[in-house]
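One chain, chain A, links the two complexes that follow: it is found with chain B in the first and with chain C in the second.
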Partner chain A sequence: MIKTEKQRVVTPEYLFFEAPRTRSYITGSEAANEAVRRGNVDIAIAYPITPQSETMQQVGELYAEGYLRDYYRAEDEVGAFAAMSGASRTGVRCLTASSGPGLMRGLETVASWPGHRLPLVFLIMCRVINAPLSIQPDNLELGYMLLTGNVVLHAENQQDFFDYTLAGFVISEKCEVTLPVAVAVDGFFVTHARGWVEMPSADLKLPARECYSEAVPMIDNENPPIRIARDAPIQKSNFISYQMHAAWQQEIQAALERSRQWITRYLGGLIEVVNPGAETMLIASGSAVSQSREAVRQAEEAGKEVGLIKIKSLRPFPGEELRQACAHAKRIIVPEFNCIGWLNREVRSTLYGWVDAEIADGPRVCGGITMPTEMILEWVFEGKPL
Partner chain B sequence: MKRYSIRMAGVGGQGVVTASHILSNGVILGGGESTVVPFFGSEKRMAPVESYVRIAGDRLCEIGEIIYPNFIAIFHSQVITHGKSYTMPFYSGLKEDSDILINSHQPLQLGADEERELAERRARVYYLPAIQLALEYAGRDIATNMAMIGAVSAILGLPDLESLEKAVRARFLGKDFVASGGTASLDRAAEKGFAHKAELVQKNMEVIRAAHRYAVEHGWVRNRPKESDEACTR
Partner chain C sequence: MTRRMFKISAGFEEVMPPEYRELVEKGPFEKQLGVAELGTFKELLEEHPLCAGCGLALSLRLTLISLPSPEDTVIVGATGCSSLAFPQVAVHNIHSLFGNQNAVATGLKRALSLRFPDRAKDVVVIAGDGATCDIGLESVMHSWFRGEKLTTIMLDNEAYANTGGQESGMSQLGTVLNMAPMGKKFKKVAFPEVAKAAGCVYVAVAAPHQPRRLERSVRRAILIAREIGPTYVQLYTPCPTNYKFKPADTLSVIREQEKAGLFRPDEYLSPEAAAYIQQLEEAKG
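== the complex of A and B ==
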């Protein structure tokens, strides 16, 4: 009997909140793999790229052990992501992963997933995308993901990567959501480094995907794939096409809004706040949160209270939550692991007109180096340029 | 527990990464928290290697390279003399009142600027004859990395020797550790020099204890600061 059939199906609530957990010291790649093991995943589809390869190679082992029903090695990222479209539309639970340049190569397909209302989980292990070639962690690529209509969660550490991946399957498949969920982490810092991860028993797994409870019917004998091609807007009059797209794109945004309740339920909210009363607030996502936590601790030793807002969900963006958490702030600092400052832009446009705080234009590191906590503290104490 | 950010620099084949894993695991087995970040280019002998070990008594959040260390361990003199390092000069980013442990049987000829900058930072520099200790106690220079962590253990007071021994056993006798191709072949080379793996562990421990003694006898053991003095170093 294959392994997955020996696992006991439990509710997401039991798996996430009630099942006893044991603590393991594992890499982020292993944490993602352990989430897939408990995720009742039907098919994993991948094309290798560093630093994603390690996870998907391990998921291949899961297939060999019998935890997955199928594993497909695609010909490139365009093929991998297109295969995800096909697999998801047939109603099975599917997973893929990529990094930096691979994500960019397949971005056309990634941006088409939400329009097709495809529940799936897409792991992103961030890596430099620009020339010259580099495999280092730098999360510039997430700036592109923000525009695609995917739910985008940004995991801070190995534990988050485990939890968000498992929750991602459930959120993605909720009827009122029916959207792809991207779970991002900063490469190497999380994927190739060990951290403590608390996990429920591997004898448990999520319920299977209930594809006929979702917003869009599956491809089967009643709904042949040709319907999608036959009804393509390009074959209608322009005005019908405009109308269809307006409705569909607004519906994707509405579905993103409706995912908030499930992100709140399964991840405990779209943000986490440390020292909520502090006049200086750091706002960060991903690995920048870990560095900020240490900066908060060091600032406290130096006698200054600094607050921290961890953004777990980039899409939907926690606008209302940020406005409330920053209402009292005098200074806001946004540490980021990319040169563009996409989070800074989000923060500014969200808070414009709502708060009196000064919003500092940084700090940022580029090319994949870590951000020393000392750098954050310079911006806290020495009032680096606004 | 004071927090330590240890930057280890050496060259390929010396076991810098192995040493950092053992040191870090020793801290964890002793009840502390620790993380390791290895850093190297293509795996080849004599190419620069760095590994970063963070140590704390409670939750460790930081990730990535250690840019501002408060302990530096130099496994090979060429890190300094040939610039075989990702961080130049070798003490780049060193916090004030910190320690530098260098594997060399005699003090290195540093430049005048280097001497001045080290003095300005009130750095304590220790020279450990790690290769000689490895040859004397294990009969093989491949145990040089063990001498280095033995001295680190003495200077910092952690991990204690008992925890360090557990970590050495876990590394060489355990089944959980997954080594890279290059490291696995070095492991095999190391094992060939001893009758069996148990002897390898025993000899490694002798080197560690000898280096520990050497550091204690030379008065390198730190006066451990009180908790309140630990203002972790801005």
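== the complex of A and C ==
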């Protein structure tokens, strides 16, 4: 009997909230791998790239051990992501992953997944995408992901990477969502560093994908031979086609909105707030949250209360939650691991006209540079230029 | 899929579109029909929107007629002229992107094999020459290298016809087309040879001027892919719109090209594929 058949199927609620957990000191890559082990995944396809390879080659080991039913190394990211398009349409649980340049190479396909209504989990181990070549951590690529229609979750640490990945399969396959879920994590800082992760027993796994309960029919020829099974006839140049395309795109946005309830249920909300009454608020996602936590602690030692809003979900974006959490704030600081400041832009456009706070244009690091807490504290105490 | 799955529920006969009713009553599902029965059953392609005299449309029509099990076939297409016709094809089909069709088909075929391990579900890629030989070359080649059990059919009109008649890798040397204003500078790619070298166990070149030969090629390719490995069929499908000949002359253009040595029907079977076809023919008696 293959190993996955020895695992006991339990409900997502039991697996996420009720099953006893034990602590392990593991890397982020290993945490993602352990989520896949319990995810009842049918097929995983990926192309090697640093720092993603660490996870996906371990997933290959899971396949060899019998936890997955199919797995292969694709010809490149275009091939890997396209194969996801075929496999997900056919009703099996799908996993792929990439990093920086690989994500950019396959971005056309990634941006097509939501329109094709494809449930799958896409792990993103962020790294520099811009020339000159670098494999260092930097999450600029997430600025592109925000425009694609994918659900995008950003994990802070190894524990998040385990929890978000596992929850991602369930959220993705909900009938009212039926969208890909990208689970991003900052490369190396999380993927190659160890942290404590609490996990339920490896003898448990999620229920299998119920493909006939989703929003669109499967392409398996087990449905009537309707002429337009999934892909709308939108290439024609007429107003029916324009209307159909418009409605299709609006529905993707609506499906993203409908994912909020499941993100709230399984991740405990789209944001987490520390020191909600503070006048100075840090807003961060990914590993910048961990740096910000330490900055909050050190500020407290220095006698200043600083608040922190951790953004777990970048798409859908927690706009209403941010407006409420920042209603009283006088100064907002957005630490980021990229040179563009995509989160800063999101925060500004979300809060514009809603709060009186000054929103600082930083701090940011990029190209693999770490963000010392002193840097954040400089912006807190010295009031760096707004 | 069985016919039971798409029969019309009692009371709904009147409201279903007439072409759907015809499909249920006279469609080719589970009937083993082919070119010889043409005109006696409801075809899978409904009133395609392609140009008058389009060789691609004729070839697509004949290809669909030649499917050995339309009730258990999924087609993967690509951007191009054929993608305008696929929304009107009554077989599950996918349009994903331009050039990724064989990778999509790989995921699809593997997933079908997981879900239906005891059923033959044929996955057939039907795409143009640009999608197959140029932009999609990598995914096509790697699906062959991996030995995926897919059938790849190129509708070769020797140009990017849907975007207005640009040169493709399959255009003939010297042909003046858009983006080749002084004539194409390199020879038509010998794609059947590439297919053999890359691991295809069956390779055929055909055209709609010989419908029975086309049917045999498509049918053999799908049956062999089902059991043995990747197969490739290249269909010459001249384009009157971009090559500027009369729509009524499509078949004579094929014959002229054949006479000039620029198109040559061909068939290659690996020893394993040949043995399998022989076994099927002996079983048929």
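Throughout what follows, the second predicted complex is superposed on the first by the 371 of 386 C-alpha atoms of A that agree within 3 Å, B and C clash if a C-alpha of one lies under 4 Å from a C-alpha of the other, contacts with A are read in each partner's own complex, and residues count from 1 in each chain.
Throughout what follows, a residue touches a chain if its C-beta (ideal position, glycine included) is under 8 Å from a C-beta of that chain, and two chains touch if they have at least 3 such contacts.
Because the structure is a prediction, the values reported are computed rather than measured.
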First (chain B), second (chain C), both or neither touched by A:R89: second
Which of chain B and chain C A:H116 touches, first, second, both or neither: second
Touched partner set for A:P48, first chain B, second chain C, both or neither: neither
Which superposed partner A:P207 touches (first chain B, second chain C, both, neither): neither
Which of chain B and chain C A:E374 touches, first, second, both or neither: first
Chain B versus chain C as contact partner of A:N223, first or second or both or neither: second
Chain B versus chain C as contact partner of A:D76, first or second or both or neither: second
Which superposed partner A:R194 touches (first chain B, second chain C, both, neither): first
Comparing the two partners chain B and chain C, which touches a greater set of residues in chain A: C
Touching both chain B and chain C, residues of chain A: none
Of chain C, residues touching chain A in the complex: 1, 5-6, 23, 27, 29, 44, 46, 49, 71-74, 76, 83-84, 87-97, 99-100, 103-116, 121, 138-139, 141-142, 146
Complex interface listing, chain A residues touching chain B: 25, 157, 186, 189-190, 193-195, 287, 289-291, 293-294, 297-298, 301-302, 369-374, 377, 381
Residues of chain B defined as touching chain A within the complex: 28, 35-37, 61-65, 67-68, 230-234
Complex contacts: residues of chain A adjacent to chain C: 42-43, 45, 69-70, 72, 74-76, 78-80, 82-92, 94, 108-109, 112, 116, 219-233, 235-236
